[in-house]
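Across the two complexes that follow, chain A remains constant while its partner is chain B and subsequently chain C.
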Partner chain A sequence: MSKILEPAHAGTLESSDVFVRVVPSEHAGIEVELESSVSEIYGEAIESLIKATAEAMEANYVRILVQDKGALDYVIKARVQTAILRARGTTNPDWSLLS
Partner chain B sequence: MIFSEVPSTNITRVQKIKEFLEKADLEISEDIETFVIAKEDDVIVACGGLSGKVLKNIAIAESVRGEGVALSLMSELLKIAYSLGRDELFLFTKPMYEDVFESCGFKYIEQANHQVILMENRYNIDAYKKRLRKLRQSGDVIGSIVMNANPFTLGHRHLVEQACLRSYWVHLFVVKEDASFFSFEDRYRLICEGLADLKNLTIHEGSDYIISKATFPTYFIKDKRCIDSLYTELDLNIFRNHLAPELGITHRFVGEEPLCVVTNEYNMQMKKILAKPSAFPSIEVIELPRIEYNHEPISASRVRKLMKEGRLEEISHLVPSSTYRLIQTMISTTSH
Partner chain C sequence: MSTTTKTKLRRSMLFVPGSNTGMVCNAFIYKPDTVMFDLEDSVALSEKDSARLMVFHALQHFTYQDIETAVRVNPLDTPFGLLDLEAVVRGGVDIVRLPKTDTVQDVLDMEREIERIEKKIGRTKKTMLLAAIESALGVVNAVEIARSSSRMMGIALGAEDFVRDLHTQRTKEGGELMAARNQILLAARAAKIGAFDSIFSDIKDKEGFMHEVAYVKSLGFDGKSLINPNQIPWLHKEFAPSTKNISWAIEVIEAAKDAAERGLGVVSLDGKMVDAPIIARAEWIMDLARASGVLGAEL
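Up next is the complex of A and B:
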């Protein structure tokens, strides 16, 4: 539905954090590219969390590039949300959608 | 630990960075725009530089290693690069640090002399190789030439003509980096126009992977007039191990360099590296003599010199008509 406008990023590469980049894509939907230090155990769970977070914000035509350093779920979620908000240039988000 | 940005114009602070890099056995690059440094008790403990889309001069002090400083430093560097819209990044480092940067999302491309490796964060080289594969021609002798052609002269024309005569097919790469007197657009157009009659020739726009600021940064640092042998090797390794196999290249043609010592050395090194035993087929380097006008070799630098002196008539003997027309308009627009 709503298109991402500008490439944006959030987070860091430090341990227990995650670096999230959001870039516009020509293809409909949400594409996730994940590299994680814990991908063998949590890779699928992290990927579906990222997708669900982006879907809840109605992101579309977007690629999400994620470099995970073992971040906890709520950190991943917050970083993805922040990156998408920055990509849209939103300064005053609807907080109820970000729960 | 405090991170800060240092623009390369800040001479006093850059001097401190230079001293720090020297301790890590690194030479400061002249083409860096911005450094990121980390300080502890007012002493530099880590630094990294951004030059176009290349990250380099990355060093961490022995005293703080193992604390994850590299990852913090890279976070800062990437933030700067991404906010400048530079998404597709390259990185130079020593082979021993490959793992560190791999954990930052970079992938290994090529190495030179076990001293330096080039890494890339998007790995576009695979897509590029795929595109090249489609342009493959099969024949016994597949020639290749890489030229900047700044601007295209009758000397270049002669080199390509000779290569085409000796090959079943020739792949000509035009250096894409816009760091020369003539723009890439002009250089590319003049090459195409000046060679339109040759049938067994593919003219390629260059890329980041063939004489670019990523593969061969020292090529573009003109005032130094020295081509670092390490980067020569890196560029040639990428050519031999990545690009040439896709196109089935068997030969590389270069102009002979009787006058310029530096370029002559470059040709010698090229012969050595492209013939070295390796997992990839070797490529034979053929040096062709330059043609002359008035007992002097025709070269692009000679044309540029004559342009500065406004000697248009003399230029007309050195370049094809399309190049001449462009120079004519350039001179007439600057003199009014």
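Up next is the complex of A and C:
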């Protein structure tokens, strides 16, 4: 599991999108803070998706702050992955961890 | 990945910027014949990485399994080209659109990388190639480019860059594109692949668009790249065959069927010979008619 060293973000606040910020944390694990207009119904599912996406990329010591504007699952996944890759300073991912 | 083939009907190829989440998520709703995600010119340098991942996931989403997908990738001589290819081939794209194809070598370089990625991930279906001709050099080499790979399903004119290379600009009359359109069409037909016209960028000018569509259709182009979903029904309407053409096609197909049942290779209809090319044309008209909603699927 690798630490997130730099803060980074991805996405927008436009409708159907999601704005994701990742920041380093002093605590082990992945902490998710979600703001979403659909959080009452889908909040738990969105949080688990974000966590699972970050875990698959072996992220650790990270806070993920998310403002959801009604994004589809794959959009959330893409944005979380982009933010984590940016935080790691790479654009060349291990594709096997992203599907 | 759709069940796409080299000869599939491709009247409308809708460009969708990979960085526009709303468009990426919704483009399938407009039912173009092909959705063409863009990772090149419409995506800012700062968003190349995010667009790439967005398209990678969109290609795998169920909403894009029944529609043909293409992706315009960045050139291999940029830092983005190879990463784009990794993403889209792994994502299961049907067609890679090569940007600015000047020479056969551009195709071979792209083909080599695609083959490498397909082998690595065990993809058995061959990714097809669509070469965009966007320069005078590309037009001059169009015949060789069209024949350069068994993966090539078509060549397309990229008019905006082409006119810049020609030191001119686009006009409504389109005289500046005449030589390129003819050359691309001839090259495509000689190689038995598709020929696709360029975008029409003034999305408010319906009349100008319809005029251009009628013109390129009469030249023989299979379809056109589009930048706005509103242009799809306009284009499909223009490509729909007339009632007269459909009646002729039905008669030809029936005559051919009758001839086959009687063991004849050639038959005559209204005093004119009906042979394989005529039958192929009639079947193409019927495909167009079905796709245009003019006929029921049973015909």
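As a working rule, the second predicted complex is superposed on the first by the 99 of 99 C-alpha atoms of A that agree within 3 Å, B and C clash if a C-alpha of one lies under 4 Å from a C-alpha of the other, contacts with A are read in each partner's own complex, and residues count from 1 in each chain.
Definition applied: contacts are C-beta pairs under 8 Å (C-beta built on N, C-alpha and C of every residue); 3 or more make two chains touch, one makes a residue touch a chain.
This structure is a prediction, so every number in the text was calculated from the model and none was measured.
A.B. asks: In the overlay, answer first, second, both or neither for which of chain B and chain C A:Glu35 touches.
C.D. replies: A:Glu35: touches chain B, not chain C.
A.B. asks: In the overlay, answer first, second, both or neither for which of chain B and chain C A:Ser15 touches.
C.D. replies: both
A.B. asks: Quick one: is A:Gln67 in contact with chain B, with chain C, with both, or with neither? Answer first, second, both or neither.
C.D. replies: Only chain B; A:Gln67 stays clear of chain C.
A.B. asks: For chain A, which side has the bigger count of touched residues, chain B or chain C?
C.D. replies: C
A.B. asks: One more residue to check, A:Ala54. First (chain B), second (chain C), both or neither?
C.D. replies: The answer is neither, since A:Ala54 touches no partner chain.
A.B. asks: Is A:Pro7 in contact with chain B, with chain C, with both, or with neither (first, second, both, neither)?
C.D. replies: Only chain B is touched by A:Pro7; chain C is not.
A.B. asks: Is A:Val75 touching anything from chain B or chain C once the two structures are fitted on A? First, second, both or neither.
C.D. replies: Only chain C is touched by A:Val75; chain B is not.
A.B. asks: If we overlay the two complexes on their shared chain A, which of chain B and chain C does A:Asn92 touch? Say first, second, both or neither.
C.D. replies: second
A.B. asks: Identify the overlap between the chain B-contacting and the chain C-contacting residues of chain A.
C.D. replies: Shared contact residues on chain A: 11-12, 14-15.
A.B. asks: For chain C, which residues count as touching chain A in their complex?
C.D. replies: 21-22, 24-26, 48-50, 53-54, 56-58, 60-61, 79, 83, 86-87, 90
A.B. asks: Can you list the chain A residues touching chain B in their complex?
C.D. replies: 7, 9, 11-15, 19, 21, 23, 35, 37, 65, 67, 69
A.B. asks: Provide the residue numbers of chain A that touch chain C in the complex, in ascending order.
C.D. replies: Interface residues on the chain A side: 10-12, 14-17, 71-72, 74-75, 77-79, 81-82, 85-86, 91-92, 95, 98-99.
A.B. asks: How about chain B: which of its residues touch chain A in the complex?
C.D. replies: 68, 71-72, 74-75, 78-79, 82, 85, 87, 103-105
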